[in-house]
Each structure stands twice: as structure tokens, then as C-alpha cells.
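First chain A sits with chain B, and in the next complex the same chain sits with chain C.
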Partner chain A sequence: MKLNRRTIFGTLTAGALAMSMAACGGGSDDNGADGEMVSGEITGSGASFPDAFYAAAIEAYAEVNPDLIVTYNAVGSGTGKSEFGEGLNDFAGSDSLVKDDDGPEAGSFQYIPTVAAPITVSYNLPGVEGLQLDQETLANIFQGAITAWNDPAIAATNEGVTLPDTAITVAHRSDGSGTTSNFTKFLDEATDAWTLGSGDEVTWPEGSIGGEKNTGVAQVITQTEGAIGYVDLADATETKLVTAAIENADGAFIQPTLEATTAALDGAEVADDLSYNPLNAAGAETYPIVAPTYILLRTDYEDEEVAAGVKEFVNYLLTDGQDIATDNYFAPLPAGLQEQALAALNETIA
Partner chain B sequence: MTATAPPEAPPEIDLGGEARSRRTDRGFTGLVALAGLTVLIVLGLILVTTSVQAWPAIAADPIEFLTGTTWDPNEEIFGTLGFLYGTLVTSLIAMIIAVPVSIGIALFITEVAHRRSRKYIVTIVDLLATVPSVVFGLVGSIVLIPWVQPIYQWWAGVVAPVPGLNVIFDETNTGRNYFTAGLILAVMCIPIITSISREVFATVPDIDKQGAYALGATRWEMIKGAILPHSFGGLVGASMLGLGRAMGETIAVALVIGGAIGVNTNLFAPGNTMAAVIAQQWGESGGLHTDALIGIGVVLFAITVLINFLARVVVRRAEIQMKGAHS
Partner chain C sequence: MTTLQSGGPTPPDLSGRNLSLRRSIADRGATVLIGLCVLIAALPLALVAWQVVSRGASSWSLDWFIEEIPRNYRTAGPGMGPAILGTLAITGMAALLSIPIGVLGAVYLNEYGKNKPLARFIRTMADVMTGVPSIMMGLFIYVGYVIVIGDKTGFGGALALACLMLPIVIRSTEEMLRLVPDELRQASSGLGARKWRTVMGVVLPAASSGITSGSLLAVARAAGETAPIIVTVGLTYVYKPDLFDGQNTTLAAQIFRNASQPFAASQDRAWGAALTLIAIVFLFTIVSRIIASRFAIDKR
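Our next item is the complex of A and B:
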């Protein structure tokens, strides 16, 4: 026993030593390669929705500039914003705009849009693919007013499709989520029929099933025949869910793709503070349920090194980083919005 | 309790370090007292700070906060009864399953199992306690849920004509519900309750057991007459620790309970518990919503204390009743 423990300990120590040596080596090799590179450490926290993209971008950025260490904690938009208000992070990620009681004071921050992603409406109905849903029917399905798949309202937009009489089960997020917020906001804004309101969590009709995070909702849909739910594109694609084409503002039925998402950003009106609402945006090719996400910058950073670091990293996200977005099922910003975001970045951090 | 005579005081031996040892002794007493106090201080601080934080949400309408079943953060309506109900119901299901099973395992280990196989069984049961709760949740949501749903459906059909039962076990379209959460919690409580029950049974004096056998008792009669009365208090304590785990369990429940708001008498319907809802909504909350979530924490804390207090009372009463006749 004693001998055993010693061997394990020895191996561990050796491993740790090797790792720390490797880390030292890597650092010194790159030192001085580029005099202009900023260095230091910056920390961001907030929305979990763009986390996959930020994590991939941080990893890729570490190869470009290993001297600036970027950390992003996906703690949720709400927590991110309140940490921003308390000065606990250097930038915050948020899917939603800042409200009065969120923490950050008005005028102390600048929105920088980074990427966007479609929210798919996925369903489990064996044998039925490419279902088309108009906005009002979608609202009625999710608020429990339409209860069977062969309802005339669904059949009306799906000529030639044989719909079974399977009962509809609504799958939703059980955790508070920006995805829920954007999805319900879409139904609330786009239709008169929607009665459940909008927000990070709403009271779903009886008989609907909550799943934890996107993965959980995807799981509920796979496990339940007749289920329909809203899931981000990454999980819908990876769990091979069947997605519905949703009617957009121009009356066309569009499948959730990254191209249709970027088209939605192009069609959305951008406000002066760079916040924008891509839901139900105009354009024949736009997907109507698109979630934006922002980074909140401080308007005055106390530490110049931190300011330079944040600027450098966000600049990377908006330029080279945009190429990483599509690999992670996020849509890059259209050229116009990208320029506006870069201009705002340069103006906020001189 | 068996009356063991206090051991006779050993003759005093002078080790030559009396003053020093007395000082160490006093230091030790202080240190241990401090350790004990720390628990109290930490508990007190938690209660005070959380209550202060939660106050705006509770003070708005304390009665609504405790008895309302509508939880709508967008409208700033915070009624927590649905979550309280979920916590109590899932914990109750867990206890109904876990307590008899655990006591059974503990009796098997201490009284029935062969001496040599005993330690292996103990290790295996204890191993169950080391499985992280998120793993239980994942196994529950990926493996258990699709598997149990048809069973629930079948059972709902069987009891459909029985009044009362058909309200508790009604039709369902999902395995994500109170009952599944209760099942997962039961499995998580079993190692805790078993291991303490085992310790409790081990304290039953051999004389009592031999005495029962000598009077011609069968093994079951011996267990009923000698072991169980002696251990009652300890068993309640063990169950309380298990209950504490069940009521406070968060992630495993969040993954399998389905996240519905309100009170549903159908145990096969989705619901939510206090601990789970805090974890689910915390990240995206702000303002009064955050305060209300902390308020749920305060209520959960208060209820845990209350239940523990009640358990104390039960134990004291029962011990007087059950042991009075024996010793």
C-alpha cells in the first residue's frame, strides 16, 4: 500500500514537472516575436449561449497571442451583467439588453454585437420531414391551443403531407435562458395569438416537459414521439433533430440555417447603441427566430493594460474570429454590422 | 442503554509534565469549542445574510410568497408553494423507498451476511455514496426516463378505476416527473442511511441479542425485540440525514424533474423543487427575481431546521416508550 502510494505520487509529480516545463518553454519561445502584442490577463463572464463560440475563439486567439490570457466564464447573462456592475469582470457577455435593476449603470457600458444564432423549432414525428409552420400556428402549438399533429391549422401549410393524430408534447427549457427569452419574445411580437408573455422563463401549458439546457430539450424531443421544442442549432444538428421551416415576415417558409441568420441580421434595424432586434426581420431569405448576443465593454477602464487587452481580443472576435463562428453553428455578422461594431470598439477604447 | 459500570480510575502516574499538559489541555478545549462555535456562526451568518438579501421579495407579500402557486418572474409574481410541494413530495417518495431498503441492507450486513463477505458489501454500498450526484442525474435522464415511462403509463392504466390512486398516478407523456426524481433521490439516500443504520445496529449489545435467542426467539423475533427498539433513535437520525440530502439535492433533480411550475397531485407529472429551481434560474436572474430565489433558499433552510427539530421530538418520545420497558 505504502509503496503503491509513493509510486502514484512520484508519477504525478513527474507529470506536473513535465507540464510546467513545457509551459515555460512555450512561453519563452514566443516572447519578443511581436513587440506590439498586448499582454496580461482579462476576464469576462456572462451568457452561456455564445460560450461554445467564445471558447473556440479564445483557444484560437491563444495561438495568435499567447501573452494575453483570456478567460470567459459562462455563468449566465444575468450573473454576467451583475458582475459587470460590481466591477468583477473586464467584459460581460449578454444575450439581453441591460435593464434598470441588472447592475450596470446607464452610460457605463457599450454593446458590441459578436455573433448570432438561429433558434430551431425541432420536432419528433417519424416519417414527417420539412414541416412548415406559420407564426400563429407556432404560437398556438406552444401555448397548448393546438394539441394534435393532424390539426387543420398545421395541415393548411403542409399540403401533401400525411399528418398522424399523435398528441403534441411541448418541450421547453427548465432553466432560465436567453433562448427562451428570445423565442417567446418572437412569438409575442410576431403574433397576436400568443398569451404566455415573454421572458427567461414563462409558465408553459400543463403537460409540457422541461429539459435542462439545450441538450436537455433535445433529449426530451428525441425521447418523446410527438414532441416539439425550441433548441439552438448546434444541439439540433448534433442530435440530428428534424427542424421545421418557419414563416418569416415576408411570408416565406425558411429552414434555420446560418445563411438565413446572417440575412436576418442584415434585415434588422440597428439602434444607435448597437443593440438590434433580429426577430422577424424583413427579407425573403431571413429566418425569423434569431438570437443576438453582445459583449458589454466598459466606457472607462481604470487599468490601461486591461483596456488594451479587451480591445485586442474583441477586435479579434469581430475580425478573424468570425471565421470560427460557423464551425460552431453561429452566424457571423454581416459586413455592415461588423464595421459598425469595430467603429464602436475603437471609439469606446481609444 | 446498557448499564456499563464506569471503569475504575487508574492509579495516577506522574509523568513530570503536569503544568505543560494542563496548558495544552486548556488550549485544546478552547480550540475544540471554537470549532463547535464556527458551525453556529456560519449557520447564523448564512441565515442573516440570505434573509436580508431575500427581504425585498418576501416583504412585498409574505403570504403570497409562501402560499402562491404562480411563479412568474416577468410579472414579478413569486409564489413558492409549487416548489415547496415538489421538495416535500420527492423527498417523501425517496424516504418511503430508501428507509426500508437501507434498514434491510444494514440488517443483512450486520446479522445475516457471512462475516467474510460483510466488508465487501459495505465497500460496495459506500461506493454508491461516492458517485457524484450529477452522474445520478445523467443516468436518470438518459437511461432511466425512457425506460420507466411505459411503466408509469401502464401503472396509471391499472389504477385508473381506483379512486384516490388514480389522482396520484395519472396518465403521463413523460418520465420526467416527481416520481422519477423521488426514485433517483432514493438511490442517493440509500448509502447514507445504510451506513449509519449499520453503525447503529453494531452498538446493540451482544448480551441483548443472545438473551433473545436464549428465550427461544427466532432471528426475526430477535431483530424485532432486541435490535430495533434499541436502535430506533439512531434509525430516525439516519433517515433524517438521508432526508436532508434528498431535500437539498439539486442537480440530479433538476435533470429529471421536468421543470413545471405549480402544484400537481399527479406524481407522474413534471414539477420542480426548491433547490432545483434556484440552480436553474439563478444564472439568468436579476433584481427582485434574484432576491426571490434567495428567499426560496431561506424557506428551504427553515423547513430543514423544522423537520430536524420535529425528528428530535419524535425520537425522544419514542425512546421513552420503546426502551422504558426494557431497561
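Our next item is the complex of A and C:
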């Protein structure tokens, strides 16, 4: 038998990998004055809804100023807000407003609206395109009161369309989500017929199918004939789903497009803190189910370099960044709101 | 070899040729059934491997392993270098933290504590901890470390993974130590070695192959963890070799991030990252096998 004393050290260190510890060069004395490029690193976290747009904007911004490393981690609005409260991020992304027990203290943050996007009602019914749904019918479909596609309520707004007697399968988000929140909030505000309430999660009717994230819901719709669900525009377009035209506040049936979304933002009333509610906004051309998204800025940054970095990046989002929104299925802000947002940014971070 | 005497009793026929029909049918049936079960068990593994390789292989190139991660989901092309470095550094640090403590803890349990109340308590707790969902470890470190220092870092992730690995290392090492025959300990004591020398010089080397493979299994499991990493480590697109400075990322976190987007480019990237992670875990396993066979005590 061969025993080797060194084997124990082999055992102890086995699996431990070589790790280099190099200090990261970070920061400079640049104070972010006009014309100079700020550098350093800023991190944001929060809503996953605008993640695709922020990711695209971060990439485009890296070409403008490669010295400022911006990271946006899509952990969800709720987590983003609580991390903001804990001081773990430099800015938070959120689809919803801050409530008392969310983390950030009142007065410690400023909303900056960035983009908005429609929530589509997508369905899988071979041969039927351009379906039109009024708000009450939409509510009844999603709460399980209408169970077949040839229901008279659906036929009433779709003259000339041959509707099959396929059973309706409701597809919804299985995870808590801002998309669910905005969609149910719309139904709740729009029609008395809606009885399931609103929130990040609601109790869906029996027989409905849950999907993880927008991608999961899109998958359920693709795979299930007769399915209907709510999906963001990016996922609906990328997975080639068929979308329904939804009745808006003026009684017109509108398809979810970015133009109809910007129109909804124009029609929305903006509060003093820059929060606004674009759901069911007035106007003949507006799409009624529009989700806004905000960035939360700190009113008091401890680190001046971070403050300068955040200011420059958010400024980019509100100006040049708006141009790439459309390519990523997000609607840019209307000019008025954009100006208000820029003014608030300059006021918050001097 | 003994030669058979002529005229003696003929050796029993063990070939099964003259079994009764019922028994041979039962024999065949059972053999086929077992073979079928092996196939069924292997099928999902083979399908997973085939899926990941066929979808992920196209992402692999030299750039895949060196380039930074594209910031935009829709930008096609390579780059997973920071996540590969992050996976290696974070799991490496976790191993460095948990394996020495776990092995020495197991030595206490098996060589010193035995059935003392403290040892039994630790053993029970370790068993309970093995079954705790990994997100709990992530949240524990989030509350106890990340919030306290006010930053998500790679080291926070390493701590969470170390907490996850520790009970596995303790329990697998203890099982291995228990397999070391008592005669070895007695012989060592008989030659005048003190207890610590017996443990260091006889017991641990005798169990080293089992300890190594147990520890590397824990490392492999930790390398694939997603939930605690997302909570404690954050995200980065660039190389972060310093685990104490700023947010980091790992392959598992990148799979989760990229797979949940509808864009083809990011989904390809998720498959590529999955293949890379499987390759790394596969390498771990091979290395552990080599180490285990190299240090195995054989030729008695």
C-alpha cells in the first residue's frame, strides 16, 4: 500500500481553480462637464419589460462613450425597487409606481419616463386574422365567461368573419409580472364586466394555461389552437403571432402598433411627478392597452462620478436613444413628455 | 486448477441451456426489461446532450471564449468570455472556501465527534441543508452579506455557492472516511503515531479518491446554479477578474438571461452558453476521475 502525505493537500485544493486577482482600473477625475466624456461604471436593475430596449441602448451608447460601462439587470420591477431602496443599484427600472412598502423612501427618487409599449392580445385561430374585440368581450374571454370562438359576442364585432367553434384557451403569465398588472388594470378600469381584479398575479379561470415570461406565453399561444393571451409587442412580432384589434375609449378598433402607442402617450395625462396612465387614453387612433415604463433616479447621489454617469446615460436614453426605440418594438415619448423628462433629469442631477 | 477424475461426478451445467421453459422465459423477459430500462434512463440524457450540442455548437469559435458579452440581445455573434471567467472564478472561490472546511468538518464528525450530541446535531443539520432550495442560500447571503456591504459582487456568489456545497462536501467526505477500515487506524496507532498523524497520514489519504470525487460533484453542481447567482452576483458584460469589485456574471445566469428573450440571436447565445457549461462540468468530472484513480489506494 502506498501512502503519500501530499495527497491530502491534493485533495484539499482539488477543484479550486486558478484565479487571477487583478485590480480593475476604474474611474477618473472627469466630472462630466459638458463636452467631456464621463467614465466609470453604473449599474441599474429592475423591470424586464423594457430590457430589450435598454440592452440595445446600452450597446449603442457603448459606441458613443466606451469609457462609461452601463449594466442593466432585468430582475423585475419589484426587485429593482427594493434594490434601489437598499442602495444596490444606481438607477432602477420600474413599470409600476413606488408604493409605501416597496423600498425607496418618498422623496428619495424621481420618475423619468423612458419608453412605452403596447400589450398585444394575440391568438391562434388558423384562417382568422384581424379579429376585433370590444372591451367587455375581451374581459369575458379572459375570465372564462366566453368559452368558444363562435360566441355571439365575438361574432357581433366581426361581421363577415367565419368563426370556428374551437374552444378558447386563455394563456397567461405564470410568474408575477408587470405585464399582467397593466393588462388586468386596463380591464379593471375599462369595463365593469371584469371581476378578477388587478395585480401582478390574479386567479385565472380553470383550464387556462400559464407560461413563464412573455416568451412562455407566446409559446403557449403558438402551440395551442384556440389560445388567446396577452404578450408584449416584441415577443408577439418575433414569434409571428396574430394580434387582435382592441376597442379603444373612442370606440374604434385599433391594432397594437407603435404609432397607436405614441398616440396613447399623447392623450395621457401626466402628473407632476412625471407618472402617467396611458391605459384607455382618449383619441381616435390610440391603442388602449399601453404599458409605460420609468427609470427611478436618486435625488441624492453620494458619488459625483456615478451621478454624472447616470445623468449622461439617461440623457442619452431620452435623446438619441429614442431613435432606436422603434427598431426594438418600443414607442418613443411624444415631444412634450420628452422635454418634461429632460427637464426633470437636469433638475434632479445638477 | 484441479483436474477432474475420470468417472467422477460431472460438473454442474451452468449455461442455462437445460432450464425449464418457464424459467428461461422469465430469464429472457427480465433481461430484456432491464435492458429497456437502461435505454429509457439513457434516452433523456442522450436527447439533452444531442439538443444542446446541435443547437449550441454553431456558436462556438475562438471569439466565443474571449470576446465580451454583447450588450444587446439582438446583436448576433460571439462573446461569453466574462461569463466563463466568472463561472470559473466564482465556483473556484466557492470550492476554496467550502472544501477545506467541509473535509475537516467531516474529519471531526467521523474521527473525533462520532456519536457525541454535537456531532449528531451537525450531521442532522448537514442533511437538512442538503435539501434546502438553492435560492435560500442566495437570499441568506443577500441579506447577510450583499446588503451589508452594499454591493453585489462575485464574492457574494462564491459565498452562496460555498454554503450550498458545504453540506454536500461534509456528508460525502464523512461517508468516505467511514469506509476506511479500522484496522488501518489501529495499525497506525500500534506503530506509535498520534491521532492527528493517523488522520493526516493514513485515514485521509486512504479516502482521498472518494473525497475528491465527492467534492468535485459538489463543484459541478454549484457551477450550474442560477438562482443564488442572480440574487447575489448581478450582471456584467465585461471581464471582472476581481471578485470583490463590482457585479459579475456566470454561464448559468447568462443562459437564464438570454433564453428568456424572443430574439434568435440571444437564444443561440443561451444554447452556446449551455453547451459551454456542460463542457466545463464534463471537464470537472474527467479531472475528478483522473485524480480519484491516481490517488486511489490499490494493490493491497
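Some observations on this one:
What we mean here is this: the second predicted complex is superposed on the first by the 315 of 350 C-alpha atoms of A that agree within 3 Å, B and C clash if a C-alpha of one lies under 4 Å from a C-alpha of the other, contacts with A are read in each partner's own complex, and residues count from 1 in each chain.
In this text, a residue touches a chain if its C-beta (ideal position, glycine included) is under 8 Å from a C-beta of that chain, and two chains touch if they have at least 3 such contacts.
Everything numeric here is computed off the predicted structure, so don't read it as measured data.
By the touch criterion stated above, A:S45 is placed in contact with chain C alone, chain B being left untouched. Set side by side, chain B and chain C differ in how many residues of chain A they touch, and the one touching more is C.
Of the two partner chains, chain B and chain C are each touched by A:V75. In the superposition on chain A, A:G321 contacts neither chain B nor chain C. When both complexes are overlaid on chain A, the residue A:S208 reaches chain B alone and has no touch with chain C.
Once the two complexes are overlaid on the shared chain, A:P118 sits clear of chain B and of chain C alike.
Once chain A of one complex is fitted onto chain A of the other, the partner contacts of A:A56 are limited to chain C, with no touch recorded for chain B.
By the touch criterion defined above, A:P256 lies against neither chain B nor chain C after alignment on the C-alpha atoms of chain A. In the superposed pair of complexes, A:T224 makes contact with chain B only, with no contact to chain C.
Comparing the two interfaces of chain A, the one with chain B and the one with chain C have residues 48, 75, 212 in common. Those residues of chain A that touch chain C in the complex are listed here as 1-5, 7-8, 10-24, 26, 41, 43, 45, 48, 51-52, 55-56, 58-60, 62, 69, 71-75, 86-88, 212-215, 218, 234-235, 238-239, 328.
Considering their complex, residues 70-75, 88-89, 91-93, 95-96, 99-100, 103, 146-147, 150-152, 200-202, 204-206, 208, 211-212, 215-216, 219, 230, 234-238, 240-243, 245-247, 257, 259-264, 284, 288, 291, 295, 297, 299-300 of chain C touch chain A. Across the complex, chain A meets chain B through its residues 48, 75-79, 81-82, 99, 101-103, 167, 169, 172-178, 181, 197-204, 206-212, 216, 219-220, 223-224, 226. Residues of chain B that touch chain A in their complex: 70-75, 141-142, 145-146, 149, 173-176, 254-255, 257-262, 264, 269-270, 272, 279-290.
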